[in-house]
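Look at the two complexes coming up: chain A is in both, with chain B in one and chain C in the other.
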Partner chain A sequence: MKRSLDNATLVPFFFVLVLAILPVVFLILLSFSRGWTWPDIFPSSFDARAWRYVMSPHSGTWQSIWTSLKLALITTFINLFLALPAGNALGRYEFPFRKLTEILLMLPILVPPVVILMGLHRTFIRLSITETLAGVVLAHVLPTLPYMIRSVTVSFSKLGFEWEEQAQLLGADWSKRLFHVVLPFLMPGIIAGSALTILISMSQYVITLLVGGGQIITVTMRMFPYVNGGDQATGAAYAVLFALVALILLILLDLSLNRLYREKRL
Partner chain B sequence: MGKNKAVLLVLPALAAVGILFFGGIFHGLLQSVGLAPLTGDAVFTLGNYRSLLFSRDFWISLSITLRIALLSTSISAALALFGLYSLFLIRIRSTRDRSIYFQRCFQVSMLFPYIVAAYMIFLMFTQSGWIARIFFNLGIISEMHSFPIITNESFGWGIILAYVWKTSPFIIILLYPVVLRVEYGWIEAARILGAGNWRIFLEILLPMMKGPLETASFIVFAYTFGAFEVPFILGITYPKTLAVYSYQIYSSGNLADQPMAMALNMVILGVILLAGTIYYHTIRVYNGRSDRP
Partner chain C sequence: MELRMEKIRKKISAGADFVMDIPLLEVGKGEFFGLVGKSGCGKTTLLKIIAGLMTPDEGSIYLQEKEITGLAAEKRGIAMVFQQDRLFPYMNILENVAFGLKMKGLSKKERYQRSSVFLSAVGLSGFENRYPLELSGGQRQRIAIARALVTTPPLVLMDEPFSALDPNLRKEMRDLVLDLHREYGMTILFVTHDRDEAFYLFQRMAVMKEGKIIETGSPRKLYESPGKIHTAHFLGIENIFEGILHYDRFSTSHFSMKLRALSPEKKKGVLVIRPETIGLGTYPFPSDGEGNILEGQITGMNYSFGILHIKVNTSQSCSFDLTCTNQYKDLKEGDRVFLSFPAGELVFLPEEKE
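And now, the complex of A and B:
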């Protein structure tokens, strides 16, 4: 039987793809549009007004990108620090209440963080961590940590103990075992967990507003007034810029971590 | 020794989740029953819950929130299954499996925050939006006002559309490993028995996807039931979804109202807990397992 991707095979795929991508195409068009009135399907003329504003120093965009990056990266490091030991235990050890522990650690996925953080808000105020980066980092750890734990747990369960034992038998010391055996196994999980942490952290609006008290301005905070009834082209430009920053960050993460472990494996 | 070591290893993560998650729930609960007042003595009261119970606004809000979450979850799951069917076709029709690259194309919406999803849906589906313009130019509608009101209306169609756009790729990610498990041999066997692609998908893949599909749907339901951003942008002033209702009471500036917001939050948690119990029970009773994707 001939096995090739003919057009009939791809029809369902393109149907779903159009639903996924059409809104993005529309946003890109809108961000470059100028005077787009009813009933035109395409803008009558294009210009870069919205982009010029978004990229200009006085719009505060660059500062907000920097704040988003700082938040996302610090949150990722804290998550790794908490999740690597936990993933090791959950993925490779048997201990009492292991299943229950796993469920408890996953629970924050199920509850929108704003519901929890309203309850913590007074405590945060008492500790004077509202309106600080530290407070917002804690707020961002809440919805992201379960994803990091889940990702590295899967990697640890694939690693098991046998590979390390064999390496030890062959005379590898701990650093060789770590860099040549353990890390290569864990890297896909670390990358997946970090990618999710970065995406979720950068996307947060209401918890950043609640805990940051309007003092910690991320890209999402910066764009909010525009997407909520402000200038449409500017809102669209911010949305596209957000996706670009996230995409670049994910590609860099993938490249750097993958290269790191490929080099170590040599 | 191994056991103690394992317990030590999970302790930091458990402490973090304990303090942030359970601490937040516990303190919210205390505030909702008057045991953590800002000023004055702590007096236990169920007054906040009682006034919710007798509030018409609350019940309307609860029912629209439930409807939005249930519809978003089912439509999102149906679309995700169709997406998975398309990936399944690609996998079985090509000699070198390239479905993983096609799968990545579906993940575009993961790059955008929920507020952007809401914004896109607003711009596309509002009465003067892109879809209305396309309909007008095709002659399907004759004027702007003939286009149905989908955004910022009381049913919540706009909210549902935004959630479907954002959550269906998530379901696809969780279920895609099942598509990868399909062996070409099965397909050939099924073909010989006279089954078409669609029947193979329904009768072989769908049963394999049942477990992860239930898990994914439950996560999507819980999220869409309690989330704030999308209904805040695409909703209307009355009736509000529960999370918007609660946040607006909380941030209204009147400190005396805050325990009421906490009570609403506890109701949101209660519904998610109830849904979780039903989910867990269904899996236990009907499948005799409790696996995850």
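And now, the complex of A and C:
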């Protein structure tokens, strides 16, 4: 059951909301500004120059959005493929060094991924997968997989074995158990893990640059020089675009999966 | 025979190590059969072996004369109700009940029609669109029963289905299961460690101990003439005394009594005295010709549901539990009383060899 907020939780909630919304509001203002200097509270004049550039075909924006999407989705699928068996083992089975294994699988995010990748880079070059989509996908799996494993593991430990036993006794063979019992139970974990993967993958800069060698251009890659190099309006426009793409992707993910498995009151 | 198990062996190593060993267990068609015993005696394991969730190391299982030993659980068509309701939380009540029919590939219309029949059989029609977490524990267990019965399985296994429920609800649920059994005539194999439940429900039952079936029979027969000490213990008889039978006299260091049993040579064993067979008087009985009369002092009294439970010490270290209807309103602790033991009700069990 969901409860309604009382005042004690409402005040901090409001505070957090302001903290979350204010930067976005300023980003949108910035993207439409033509020079916004101290001590003005609001930009002195507006125009749509930055947006016109970002939306124009020769800016390569659409291509980079598509690249970002491709990267994020392929990374998510690979993560699922790897994390489901791992989560099953970690969440439902007892074996020697289980806890240690869990910690080891967390290592890629405990150690900064860039550091690991610096070492991996030579191997990638030897395998000649640098400057390819495959290489970048592989590099994106590194910092995202631990999150996926973590959330799927929790779901598996909640699932246990008893639900499958029950379904079996009601005549469900393994494929029906997978479809009617296992997947619905794992869905919250899969959604959480996928959302994290998509967001983290989309916001990678250094890793994409390093492995992609400037050949794989994501939205973040397009945005970075502008944020860094002085054209703040264009940088802000890219940032807003980035947020929109991520938001739409998350909403679609949530809707489609919930539609598939009418997920109620779990 | 609806269910027959032959020479089942299974090594169990959960907590206590022992080997389950069932030479033969038969349950007739339409029978309400109980498996009773203390927790950890292997009764749930036996149920899981029948259901197909565990495989025996040796032996064979037959359902309706067809061997099912190696058959996957989902192909056996045996239903099972667990201690927890195990309703799928993301499905509504109707979908939950209809799940078994869906797995069988019945059309939606047919599924829902049959499910509503069983929903009303457990008294919960109108709950179709609710979700499990909106229901009380008792209601959820009713749904679990409906879900198990909806496919009209030849055999329904129940593993202490009511032990997680409120005691007041249990009687209601027992009556419900008895009604359903009467109406649909399915074979039920019911596991419990609760002897009240055993007496209330079962036509026949098997008493288990450490993976073995000690004795089988109707609850009444097992209570009135137990063949094993463990059975008497399990059914709550506390007057069990070790001693020696010689001819027709049974003697302990505290008393000696005349029995109907006879043994020409001295035989070690125990005497089992059911508490309701002991006669109680406040002044000396006229001799009954058998001399089975003892004098003692009331050391404890307890009244429940019209029955008096009295504890009488006949000597420093020898006491009897007895029950009687509430006709002795004036008795109180410390009173001196006389006990009589009808020879025909005394059960002698020879010493058991391990």
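Methods note: the second predicted complex is superposed on the first by the 245 of 266 C-alpha atoms of A that agree within 3 Å, B and C clash if a C-alpha of one lies under 4 Å from a C-alpha of the other, contacts with A are read in each partner's own complex, and residues count from 1 in each chain.
The criterion applied here is as follows: a contact is a pair of C-beta atoms (placed from the backbone, for glycine too) under 8 Å apart; a residue touches a chain by one contact, two chains touch by 3 or more.
Note that the coordinates shown come from a computational prediction; the quantities given were computed from them, not determined experimentally.
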{"item": "When chain B and chain C are modelled together on chain A, clash or fit", "value": "fit"}
{"item": "Which superposed partner A:6 touches (first chain B, second chain C, both, neither)", "value": "first"}
{"item": "Which superposed partner A:166 touches (first chain B, second chain C, both, neither)", "value": "second"}
{"item": "Touching partner for A:216 - first (chain B), second (chain C), both, neither", "value": "neither"}
{"item": "First, second, both or neither for A:122, with chain B first and chain C second", "value": "first"}
{"item": "Touched partner set for A:203, first chain B, second chain C, both or neither", "value": "first"}
{"item": "Contact breadth on chain A, by residue count: chain C or chain B", "value": "B"}
{"item": "Which of chain B and chain C A:142 touches, first, second, both or neither", "value": "first"}
{"item": "First, second, both or neither for A:26, with chain B first and chain C second", "value": "first"}
{"item": "Smallest separation in angstrom, by C-alpha atoms, between chain B and chain C in the superposition", "value": "13"}
{"item": "Shared contact residues on chain A - chain B and chain C", "value": "none"}
{"item": "Of all residues in chain C, those that touch chain A in their complex", "value": "51-53, 72-75, 77-80, 82, 84, 86, 88-90, 92, 99-100, 103-104, 131, 133-134, 147, 151"}
{"item": "In the complex with chain C, residue positions of chain A that touch it", "value": "162-163, 165-173, 176, 180-181, 184-185, 261-266"}
{"item": "Chain A - residues contacting chain B, complex", "value": "3-6, 9-10, 12-13, 15-17, 19-21, 23-24, 26-27, 30, 38-41, 81-83, 85-86, 88-90, 93-96, 98, 101, 104-105, 107-112, 114-120, 122-123, 138, 141-142, 145-146, 149, 199, 202-206, 210, 220, 223-224, 227-228, 232, 235-236, 239, 242-243, 246-247"}
{"item": "Chain B residues within the chain A interface of the complex", "value": "2-3, 5-10, 12-14, 16-17, 20-21, 23-29, 31, 36, 38, 79, 82-83, 85-87, 89-90, 92-95, 98, 102, 105-106, 108-116, 118-121, 123-124, 128, 130, 133-134, 136-137, 144, 165, 169, 218-219, 222-223, 226-229, 232-233, 243, 246-247, 250-251, 261-262, 265, 268-269, 272, 276"}
